[in-house]
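Look for subunit A in each of the two complexes below; its partner is subunit B in the first and subunit C in the second.
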Partner chain A sequence: MSDLGTSAVTGPEAETGGFETEIGGSAPGPVISERKQARRESWRLIRRRPSFIIGSAIVSIWVVCAILGNRITPHHPLDFRAKDSSGLPALHLSPRAAFPFGTDATGRDVLSRVMAGARDVLKIAPMAAILGVLLGVIVGMIMGYLGGWVDLVLSRIVEAFLALPVVLIALLAITTLGRSDWVVVGVVAVLFTPVVARTVRSAVLAERDLDYVTSARLRGETGRFVMFREILPNVSGPIIVELTVRIGYAVFTVATLSFLGAGPPPPSPDWGAQVSEGFRVLGAGIWWTTLFPALAIASLVIAVNLIADSVQSVLDAS
Partner chain B sequence: MTLADAPVITAALEVRDLEVAYVVRGVDREVLRGVSFSIAPGEAYGLVGESGCGKSTTAYAAVRYLPDNGKILSGSIHVAGDDVIGMNAEQLRRFRATEASMVYQDPGASLNPSLRVGRQITECFTLLGQSKDEARRSSIAALARVRIAAPESVMDRYPFQLSGGMQQRVVIAMALACNPKLLVLDEPTTGLDATVEAEVLDLVRALRSESDAAILFIAHNLGVIRSMCDRVGVMYAGKIVEEGPSQAVFDDPKHPYTVGLLRSLPRHGIRKTDRALATIPGTLPLIGSALPTCVFVDRCPLASDVCRTEVPPVVQIGPAGDRYTRCHHADRIDDLEVESVTVDIAMLAASEHNPDVLELSHVSKTFRQRGNSIPALVDVDFTLAEGETLGIVGESGSGKSTLARTMLGIETLDQGGDMALDGAHLQGSTSQRSASEKRSMQMVFQNPDSALNRSWSVRRILVRCVTKLTGLKGEEANTRVEQLAAHLRLTPRHLDLKPRQLSGGLKQRVAIARAFAGDPRIVVCDEPTSALDVSVQAAILNLLADLQVEKRTSYLLITHDMGVVRYLADRIAVMYLGRIQEIGLTDDVFNGPHHPYTEALLSSVPSVDGEATLRIRLDGEIPTPANPPSGCVFHPRCPRAIEGVCEVTEPPLLEVAPGHSIRCHIPIEELRILQAK
Partner chain C sequence: MQRLASAIVTLWLLATIVFLIVNVLPGDVGRKILGPFAPKEDVAAFNHRLGTDRTVIAQYLTSIRRVFTLDFGDSYQSGQKVTDIILPALFRSGKLALLAFVLTIPISIAAGIFAARRKDKFADRVVVNVGLASSSIPEFVTAAVLLSVFCVNWKLGEVFANPPAGTSVIGQFRYLLTPAMAMVIAYFGYIARMTRAGVIGGLQSDYARTATMKGLSKGTVMRSHILRNALAPTITVISVQVGYLFGGIIGVEKVFNYAGLGSTMLTAVGAKDIPVLQGAVLLVGIIYMMSTLLADLLIAYLNPRVRLEKTR
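What follows is the complex of A and B.
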């Protein structure tokens, strides 16, 4: 009788280190760490990164603002009007203890409006990003897996899309279709699809030629099964990274659209709309109505990118 | 003791009690646990052992090329008397420029792809202080030294314009530029074809006589080490367990690990009908794990209590004082049993005249690429009988894998050919085949890491395959998977793991289980063991042989390893440039008279047995199939080509003896005489 030869499975204490470093090794070394352990490990590594801590702290602040809205703002973002001692509206008050971010052209509290404005952007941007990534995954998967003329045709379409100025097309679409949250979500998602598709395509190309795909075809699996059951779990890393990056871009794009007037109508405390209202009086030295909403946009974009960055570097390392 | 007495000054490389650890997430994981050896000037020293034993780490430590997380804990390294560990950055740079050189496994990766070869070589010489003109002259001389025929023209080329063998020559020329005192060769021929490997090894052998560099040779191929090295150290889990002159160590091993390693190799021409291969029970300990006093004790058939409590002594062997083994039971080595013949397999071989399962007639496959047609398979005919193993051998690019893929329907064969399964016409493409035809033909891939979906559990992989191929569902499918797994000696615990949690051998078992999920008639095994260590290889080969006896499955075995094909195959087909050059019973093909290409393949394999082999050498590399040579496609490389005949007409595949066909213009009798010499 031949012996078992290789019967042991190592416990969770086994790590990858040594085998990766055995550079000239002739054959793959035995057993690497448990997958769940590895996932927990990467999560632990992500949480330890300063960029992740800072990024998620900022994002959580905005999420709290978005959820609680009026309940935590110092004043009502729409109805409140600041008054001076004589009871007249206090317009364009510069930042002070009572109004840390000052007041705007109609005497509303800028701080309250910035806080409340988080809701609009956090409602739309992640949805747009998720939808865009979903569409991109489907298109990219088809391009990468089927290859050939399908890939050729879709690639040209993707390139054509990439050549279009995103904001211009979005404005056109919103003007044509009318403004609603769903239209903004849809338009931004469609505009993101080609970029995501390209990322997914290249990840799928690397997987397509692996033998497990050949093996699936040998037992007669359908293309759909191979694409979404066999390959998809193995390209989830780049897709997660892409999703976080896209959320950042979506915040930016949605804010830009509001700035250009394609956002929610005036009384709304939308950040982009606030910047656009405020910047007209910038020349008169009234900087606070522009700076604070702009900072809000920047902080959210940067925070999301910090998270994306740490997710990417941990996934790359493992 | 010899070790301690070795004069430090004269040794080209002197390693003492070297302990190295890799820091993984803040924890030291020990890889080398006290390695000591020395190499005299002009001597070649080989390190052998399975992957993960620390041989490459030793080599990298010797020239201080350890990766960033590598840490030398203790011990000393001296090259020609200089302390390597104590060097600062500048000393180290000068040391690497002038005293030590390294040649890596993949020559393509060692050369800068965007610089001409000449520029890269001259750089080595300008670094040594030569002027531009001097450096150019030296470079041409260096290339000539590594037997490159037209050095000037090679200087003007880019690495990608050179073949693998030529690239490795260039790398060796660069390594020798500084006339190093120590040359480290880390698996220098592993990525190369057998015939090219033979060429490179010949070159290294010739260079040894011209230079007094000490060579540290790392290889997992024991045959290569035996043919190249004066002395050898056998490594296991970061320790040298046995050391001595390579011939003595390989002919008469004195450590249980060396014995196990050598017995697990298919050698001395043994066949599956002779005996099962010996295996080493258990697995290599993980890097960094705490080990008992004797590192091998958990897998050792001779182990006793003393092995766990006391460090094994260094036992000197023979009067010469040049051999030692680290074993408490060195005197009992001869008690290790040799396993006996497997009766079943012997019986299988006796029962001949099995019905044919698969028949290929005039099968060709032409790829189209940018308007060119590339014939990858040309007019292949053969039959595969029930329960038979047909071995396919040939260099890379000879069409072995295309043949397998065409049979399986992954590639569709050209018009004009035909395939028949059990006498019935077989559709060319997998998608057009019936469920039972798909079920009949399955495949075991070379690399289990690529063949198993890494995000699926073993159970899911097998259940899906059973469901798809046999139609069994739910609990029934699960029961079948559990039976299948038990059959392949996988425990239920393994079923719920992901592939990456399994060792290489276990992964390959899962891949084999998957291929056998639907009780196939034919299994294509594409290099099933070349990604595995030898002790694991033996277990897998035994398993394949056992399964075949039991299930009467036919195998198409693709391999470059002559020992493996000889062990497992009943018949062998030798392919070159998409054509079968020779096909016949294993013994006929091995014993000859054989096709000159077969002859070259056989003589290029360095044998661990040290048997005298006829050495005929092939020049150059396999031509591109897009532009095959005229006449016999092998004639430009054939040492026996007949001028005026071979380059004009392609010889037919003629039956020279019952069941033995050769495609050659030279008559069989003449081949017999030529090859008898």
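What follows is the complex of A and C.
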């Protein structure tokens, strides 16, 4: 998506170079540098916000855990032969020096599993969000640009989708389709599409009747060209905001789905799955198997939302 | 009237979406449920009983008819009518949801007004950020944390939210309070932020200034001028939450072992009992639509301008 957003040269003035220079992005002129400068300026403003710094610090920690996985965990996340000091199998050990987050029902180190579990959610959630935004941009662009009955019909479908809670309908779809990472990504992406489409649609409506669009149309450009080369770069602000917000929701949704049993199958250290294994023994006072993965989910969602919030306040203000 | 017509169209689309999801994979339903070793005749008989041996068009028409007659067919697993399974479960979820809303709405509207009056001050930032954080955490996470703190460590609530049969209304309250709290935390942020934005807009408006200069007290201006206008977006958000609540309530019900709609759906997922799942999803869609309709009526009642536009 960012490819489309950055490679396209925009603005009515930049068009004087014609189609060729348009694609190459080499058309000189004040407009391009102005746009680049504006982009650099908002990026600078975003980077300075404390919520962005805190959010990206937390996200970076989880990304490092996800990439390095069991190369940096103190124990192997699937190793259930943890022994306590007397050499007995260490099942449900409370937090201590050797196991800072304790051990779970089969003696696996909870800290190692929480660290390794970042991989599952960070693999699925951003992919689902990106795909959902991509689809939503296409649908929303068509709705906003074409208008008329196409918009009417699609708006109705969007409205119907919005009446269904994402988690419920995802559960139904995953049950009928069978569970796999790709099914989860696809289902969440499709369910995010209507929301994104609605946002993009209203952004496009504001642009549709501006002079640069009319002049491109009069020049005889195809609808696809006008939509994705002319309008898209001008609505990139709301799209970037939507993407960051959607990644937060995707983490939320994917974690909830795996808690409900639609996550990766058992030996996997997925956070939602860990909570769902752990919460049943809470009544016996074993809180660490639930609390730590739960806090991991909370920290990641909050961190992503902090980033989204700072991106939103800068881009909405400009 | 126009609103009603569009609701019917949405309902039809809703049923179509659900039908498409369920039927996107062509497959022998009877074979899937009875397993690969069941005799052919049994599978055929089973399919006939379910009606899954008919053409896709015929099945589609049936499923559309069912939405409008609120009859979702029979459960694959038990053969019971789906409505007999999901309606009692919905009633139990409804109790939990009602308690959650009764607690959330006053707390978050009060917090929104409180924050708006202190815009950009420390107290305002606290409300905004707490709201942002609390509404971004999945409900089941909050529920699990509350369960371990309140019910296990402090023994203030029950680990299992199902009250024994015959518990009085007051007695049930003790069982439902902790799960409801998890939902209060999840929905507090949205409603408080919406109210805050509305009140800030109202405080800066001309009509509020006029009312103040007329000599009305601060409280009167807030109640009968600002809130009347500011509440419209808040009511819309609440009505949307009513639908989304059923997405979050599944996790909460699982954590507290509460036998509501969410638990029923999870059982249906385990048994691949599609009609029950389908019925529950459609029912939630219908509830969502009714609550947004109701919200529109309420907004029209509160705001004479909207009322006039409608009749014009």
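Going forward, the second predicted complex is superposed on the first by the 280 of 318 C-alpha atoms of A that agree within 3 Å, B and C clash if a C-alpha of one lies under 4 Å from a C-alpha of the other, contacts with A are read in each partner's own complex, and residues count from 1 in each chain.
In this text, a contact is a pair of C-beta atoms (placed from the backbone, for glycine too) under 8 Å apart; a residue touches a chain by one contact, two chains touch by 3 or more.
It should be emphasised that the depicted structure is a prediction, and the values quoted were computed from it without experimental measurement.
J.: What is the contact status of A:297 with respect to subunit B (first) and subunit C (second): first, second, both, or neither?
T.: Touch status of A:297: second partner only.
J.: Go through the superposed model and pick first if A:221 touches only subunit B, second if only subunit C, both, or neither.
T.: The answer is first: A:221 touches subunit B but not subunit C.
J.: Would you sort A:50 into first (subunit B), second (subunit C), both or neither based on which partner it touches?
T.: neither
J.: Could you tell me if A:266 is touching subunit B, subunit C, both of them or neither one (first, second, both, neither)?
T.: Neither partner.
J.: For A:148, decide between first (touching subunit B), second (touching subunit C), both and neither.
T.: The answer is neither, since A:148 touches no partner chain.
J.: State which residues of subunit A lie in both footprints, the one left by subunit B and the one left by subunit C.
T.: none
J.: For subunit C, which residues count as touching subunit A in their complex?
T.: Interface residues on subunit C, with respect to subunit A: 6, 9-10, 13-14, 16-18, 21-22, 24-25, 132-133, 136-141, 144-145, 147-148, 151-153, 159, 243-248, 250-251, 254-255, 265-266, 268-270, 272, 274, 277-278, 280-281, 284-285, 288-289.
J.: Under the definition above, what is the set of subunit B residues touching subunit A in their complex?
T.: On the subunit B side, the touching residues are 22-25, 27, 29, 31, 50-52, 54-57, 59-60, 67, 69-70, 104-105, 186-187, 190, 218-220, 276-277, 279-284, 286-288, 339, 408-410, 430-431, 435, 438, 441-443, 445-447, 449-456, 465, 468-469, 489, 491, 493-494, 497-498, 500-506, 509, 514, 518, 531-533, 535-536, 538-540, 542-543, 546.
J.: Can you list the subunit A residues touching subunit C in their complex?
T.: Per the touch definition, subunit A meets subunit C at residues 156-157, 159-161, 163-169, 171-173, 175-177, 248, 252, 255-256, 259-262, 272, 275-276, 279, 282-283, 285, 287, 290-291, 294-295, 297-298, 301-302, 305, 309.
J.: Quick check on the complex: what are the subunit A residues that touch subunit B?
T.: Touch residues, subunit A against subunit B: 1-10, 14-19, 21-35, 210-212, 214-215, 217-221, 230, 233-234, 236.
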